[in-house]
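Each structure below appears as structure tokens.
Shared between the two complexes below is subunit A, which pairs with subunit B and subunit C, respectively.
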Partner chain A sequence: MIDWIAYAWLIPVFPFLAFVLIGLLPKRTLGWEDGGGYAVAGAAGALVLSMLVIWDVLNGQTLTHDAPRSTWLIIGDFRIEFGIWVDQLTAVMLVVISVVGTLVVIYSGGYMHEEGVGRRRYYAEIMLFISVMYGLVIADNYLQMFIFWELVGLCSYLLIGFWYEKPSAASAAKRAFIVTRVGDIMLMAGLIILFKYVGTLDFAVLFGQGAGSIVSRGEIPQDMLTLATALIFGGAIGKSAQFPLHEWLPDAMEGPTTVSALIHAATMVKAGVYLTARTYPLLVQTPESLLFVAIIGGVTALIAATCALAANDIKRVLAYSTVSQLGYMILALGAGGYLVIHAHEAGGYAAAMFHLMNHGFFKALLFLCAGSVIHSVGTNDMRSMGGLRGKMPITSITMLIGSVAIAGIPPLSGFWSKDEVLAAVYEGGEFDPVFFALWAMGVATAFLTAFYMFRMWFMTFAGAPRSEVHAHESPKIMTVPLMILAGLALVSGFALFVGEGFMGFIERSIEDLPVTPLHESLTDIAVRIFTDPLTYVSLVLAVAGILLAYRVYYLPGFDRSVFAVGVRGKLQRALENRWYISQFYDDFAVKVWYGFALVADWFDIYVIDGIVNGFAYLGANMGATIRKAQSGNVQRYASLIILGIVVLLVFILYVLPWGGW
Partner chain B sequence: MFEGVPIISIIILLPLIGAIMSFSLGRHDKYAKWVALGFSTAALVLSLLVVVAFMVEPNTGSEGYHEGNGFFDFQFYEEYSWIESLGIRYIVGLDGLSIALFVLTTLLSTISILFSWDTKLRPKEYFGLMLVLEVGVLGVFTTLDYFVFYVFWEIVLIPMYFLIGVWGGPNKDYAAIKFFIYTHIASLALLIAIMAMYFEAGANSFGMEDIWRAGQSEFARTFQIAVFAAAFFGFGVKLPMVPFHTWLPDAHVEAPTAGSVLLAGLLLKMGGYGIIRVAMPTLPEGAEALQLVMAAIAIASILYGALVCLAQRDLKKMVAFSSISHMGFVLLGYATFTQVGVAAGVFQMFAHGLVTAVLFMMCGVVQHHCGTRIIQDLGGLSKKMPAASTMMTIGFLASLGLPGLVSFAAEFMVLASMFDTWALWLFLPIISVAITAAYYLWALQRSMFGPLTTKIDTSHVHDMNWYESVPVGLLLALIALFGVFPLVVFQYIDPAVRIVLDLFGGG
Partner chain C sequence: MIPLEYWLILSSLMFVIGAYGVMTRKNAIVVLMCIEIMLNAANINLVAFSSYYSTLHPAFGTDVSGQVFALFSIAIAAAEVAVGLAILLSVYRRYQTIDVDKINILRW
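Now for the complex of A and B:
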């Protein structure tokens, strides 16, 4: 039996090789879809190997403390080594990246077909993107992870700006990179703090295998650890588009829809959640940071959900829904930390990762469905869609499945994980009442989610067509991935009940923490969920959201102009302008930073260089004046020399000692 | 490998011979570029062999190995008496501090000569001066005698003055004179510092090692502070440091592309090299007294340089200001007085040399093909010049410290050592990481992306010529190589830096 887990390092190599080949091979040897064939092969190779590695993890193997490592840098007393880390948390990420990544690449064969020569660049960048994301999740220390973290950001930049000749795409790409870089600065600072106190960024040392936590070992003061974990989470705020740095993600839809599917479901934004989950052994030592995490998550979930209410661009609705769902995951991680500290339970942590996996499938599905619609009707604007149900049966049904899943209706996947998330947050209320408020926000978000998702579905697929476009169903190469993802959205929630159960599986990745294993039998879980009244609160609200959308956007006779007047009108305009947050950033960047820059530039030209030129001018004129001193009068020279000596002596004897020299 | 062969002197002499040949070509000036390329390539090949020899026979006993006994240990050491009565000798040698800069010099010189392939104006003078410049810089990085060091230091100014003044842009006279006078004043401060050390040491020797050894006991604290201040000013203007930087943007904007490459890639490094080779080890108490001044200037340079970049309209001026910001990292690393910081600072010089060369070449490409570098007048060039756009993007990404490319390791380590020494003051320089991303990506968006510009005639714009893409491609390959394997360079910097720090406060 081959020990597949030892070959985990090969996973990113497959797509990376595809990237190199697509980039370097002569054009006529690129074959199908100008490199699409190599891309599918690269993604599939990684998929197969990922599955084998995951199989090993399922069978109880991990690769954490004893992996072979190679030296990257030796500087002073520090030795920085890179290696591989595969545990249950990594396995969950591998599932999402490999499945979604492969399906997206296959789907691209249809979606990007008309792109022509641009496909080569597209496939090369997609392969690099997937490769570095794999690299990120198998890194065994923070620095290695940070390197891939930045490269993931780079690939998003390149792919969001894929249609660079469009000014909006070029601008969105830049914005995505700069905003996430603000988060990256915080992450970098957090890592630097850890590095200074502990002297390494290796997970194995930082997470204190057997030797107690790094605080209890006296390696880092408590307040510094709190600062470090809060800053590390700052990286996740940028990457996972959390409030207040969330606005780049809705703008990032300027890229091809397949790219959005990757970014939202598998790669970029999931990295932040992964980072937060990976940092758990440190986070649970710093309750203040956990509270910060939870509040950011809750606020993000609600704010993003409200922004999705008034959006008319189908991708923008989905983008805000991603931000909102990521908020759920972050919220669950924050609350889950409290559970670990106080109740020694890993429920919140497991719920977050469960939701991450489910969300990966249904969000990829939703985006690819949206891509299928856009591919067919040629616009993103839902106001000129409508009535597509008959013309695009597969797309409309699969998208309905995705919408039901995200709305949290049983037995689809979103129901199970969202329920676990909200249950964990509610339980956190036992230890800090603020979690009750966050729970209320989460429940409100569930209502809004159901409403805006069905608003989107009804506007797109139901009713009468609102434009003259001749819509048609997409080719098989696109619809087959949709059907596979729809199948996953239907069943991935049942991971809760397979084998040892998802919760028990993921729990083992933090078993070094003071966590009592749940030992819930699979029936216990089902009983717990369906006997808890809270389950029905969120379920009823979700159904209410769907019904409201049905009333407003499907049944005839509802006058939507009531939204446009009075207080409601103001509210709607605020929502349409996304609470003016984006505008604030534009003003902030342009007026404050660019203003600073202009002042600095002016200062440079007129003050600093002005002084230099002033001296030069003085020098030139002084030459003329001093020439007169060259009178040839020896007595005068002598007196000047003496004067000079006196001045120097006074300086040396009195001024210098007086200055403390 | 080079037993009994004065290999460093040979490498310094090669471009000098080339320069003399080039100047004396007479009417056959079309061969000047071949002469220059031949001699600079020969120097490059030999210097690469030196690196190989340096790596395989690291120390101990091999001929040409010179033990510093507390001072730096050198390989390929040569020593000849010159003016005995004054204690002036010609001494050259290489160690971990200088070897990377030494090869960078031969590499960038060759590449710049290749990049200037279509120079039509007075080619034999142009290529001759490029070679003279190479001689001067090589001398600075290898000489271990203050007198000869100063001679080489001054030699560098002259060809650069002419390169700007003759082959420069519209405002070249102003820029050339400003460059010359400004840096010359700084050189005077350096000369005063050297003279002061020479007399105070009383060893009747200009040898760096002799003066260092005498200085251990002879240099009082007050003396060290005063002389360090002078030397620091002399080196810092070259670096350049805010507020003594304004010669740099003017010089760059007017200089021909190859001149800018050498100016930013090599001449700035002379300042950074001088501080770590001369000022800090010889005058440690002075350095310690002025530590905060160094740090403040470094942080000011980093932030101020980045901010000013954001406001630039000229692509090349932006790149020039970015050098101020990035060289600030060198100084910041030094100012921490930690092993990590100083080593990272030295590595940053090497990294910046590679990266900034690419950036200036890309500015040259844009200027050459589009006739302007004003960002607002450009736009959408990706369609017309995809290779140029790709290379510029990679260059910008390297300069903004993207991991996997060469600058990242240096910047990260400098920031880490900054926290080690000054804790949360870290948040000042770290802001520049975001500003740097902003100005580069914004410039990229406006010049390369978006719809094709209508402000200039783009009908004749075509992609890069071979003599442009080959040098840039080569540099980008090195940038990626040393980004993934920084240890290749670091492992030689690290022990040399350890020696510097041992000198501090007696170890």
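Now for the complex of A and C:
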């Protein structure tokens, strides 16, 4: 029996190898789809090894405090060590990355077929992206994690700007990079604070097994830890597209749809949630940060859901739904921390990770379906789609499954995790009434989610075609991944009831915290879910959302022009302009920042350049004046020498002793 | 025995007179002569301090190194005058003058 978990460090190596090969091999040896073969092999290798590692974790093995490490740098007494950290949380991330990553790469074989020579760059970048994301989730210290964190940002920049000839794609890529950079700087500041006080960024030391927390050991004052955790969460705000830094994600739709699927379901944005979950042992020591986390999550969920209502670009709807669902996860993490502190329960934490896994599957499904539609119709605009159900049966059914899953209708996956999230937030209300308000926002988001997802589905697949396109079903290489993901979206919710149950499994990753193990049996969980009236509140609202979408966008006879006048018109335009948040950033950049730039420019020209030019002017003019002393008259030279000697003598004999030397 | 101070005052006077001449006289030969005065002022100092040393430390007997330095200095001064006069001759052949105010082309 091989101890697979010890080989977890090999997981990122497979895709990385594929990246190197695709990048360096001569063109004629690349074979199928210009490197697609290598990409599938790299992703599949990582998938197989991930599954073996996950199997070990399911059997109770972990590599955490006692993992083998290797030294990277030694500077005097200071060492930087790298190692791997595989626990239940890592396992959940590995499931999502490996399954979604592999299916996306296979799907790319069909979707990117017409891309021509660009495919080589595409596959190389995709492989690097998947590789560094694996590296991020198995890192055992914040520094190693931060390196991969930045690489993930770089890869998403490259892939969002894949069609860099298009100005909109180039600017979206820049925007994604720069906006996430704001978060990254906060993350770095948080890590620097931790490092300054504790002297290391290793999870093993920071999370303190047995020896007590770093606050109780007196290594860091409470207020600095609060600041550090809030700043680390700032990194997650940027990466996971949380309010107010969420606007980059909808713009990131400029990349190929497969890239969007990867970013939204498996890699980039999930890194922020992972970071927050990974920081949990620190976060639960700082209730203020937790409240901040929860409020950001709740606000993001609601704002993004409202923005999705009026979007006409099919990918933009999905992008806002991702932002909104990420808000759910963050909200659950914030509320879950309160539960850990006050009730010693891991419910919220587990719910967030459960939602992350389920969301990974159904969001990848939805994006790949959207990709299939775009591939066939040739446009992103839902207003020129319609009536595709007959022409694209597989896509329309799999997308319906994804939509039902995200809307939260049982027994599909979204229902179980969303219900756990909302239950955890409601439970948090016992300890801080703010959570009741956040719960109300979450429930409202559930209603809006159901509405806009079905608005999208009806606009795309139902009714009569609104434009003259000859749509056709996508090739098998694209529809088979869709069917696999649809299957996962159908059943992944039942992970709650398999084996020890998802909640009991994930909870063991924070068992060092004061968490009492869940005493509920698996049937208890089911009974609790279905006897809790709150479950029916969100369920009824979700169904209402679907019915409303059915009434407005499917049944004939609804006059949608009411959205164009009066208060409703104003609201509609505000939604179409995404609450003017994006516009605010643009105005901010154009007016305020430009003004600041003008000041800086003035300062540069007149002060900085003034000093530099002044010195040059001084030198030139002084030279012109002093050279006159070089008169060629020997006697004057001699006089000056004698004068100099006299001055020196007077200085040494009288001035220096007078001054005390 | 003439005290040391007298010798120093004499040599200072000679040095200052020489320096004044070097700075003010126009004729290059006079300038050279003034340089000789300055050199001899230094020689007087050397000899004076040499003899003063002997009176301060009679146990060491008579020390003549100061006098020897003065002799060297006089020999070098002779060589210097030879070189200086040779330069002046060359300058005169070229410019038909030895007025140092007029020999000033080496300048800005």
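What we mean here is this: the second predicted complex is superposed on the first by the 600 of 661 C-alpha atoms of A that agree within 3 Å, B and C clash if a C-alpha of one lies under 4 Å from a C-alpha of the other, contacts with A are read in each partner's own complex, and residues count from 1 in each chain.
To be clear about the criterion, a contact is a pair of C-beta atoms (placed from the backbone, for glycine too) under 8 Å apart; a residue touches a chain by one contact, two chains touch by 3 or more.
Everything numeric here is computed off the predicted structure, so don't read it as measured data.
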item	value
Which superposed partner A:N633 touches (first subunit B, second subunit C, both, neither)	second
Partner chain in contact with A:S171 - subunit B first, subunit C second, else both or neither	first
Subunit B versus subunit C as contact partner of A:H470, first or second or both or neither	neither
Of subunit B and subunit C, the chain that contacts the larger number of subunit A residues	B
Which of subunit B and subunit C A:K27 touches, first, second, both or neither	neither
Touched partner set for A:I642, first subunit B, second subunit C, both or neither	second
Footprint of subunit B on subunit A - complex, ascending	71-78, 143, 146-148, 150-151, 154, 157, 161, 164-167, 169-171, 173-174, 177-178, 181-182, 184-185, 188-189, 192-193, 195-196, 589, 593-594, 596-598, 600-601, 604, 608-609, 612, 616, 656, 661
Subunit C to subunit A touching residues, read off their complex	19, 22-24, 31, 100-101, 103-108
Subunit C partner contacts - residues on subunit A that touch it in the complex	627-628, 630-635, 638-639, 642
In the complex, subunit B residues that touch subunit A	178, 181-182, 222, 225-226, 242-243, 245-247, 304, 307-312, 338-340, 343-344, 380, 382-383, 397, 402-404, 408-409, 412-413, 415-416, 419-420, 426-427, 430-431, 433-435, 437-438, 441-442, 444-445, 448-452, 486-487, 490-491, 494, 498
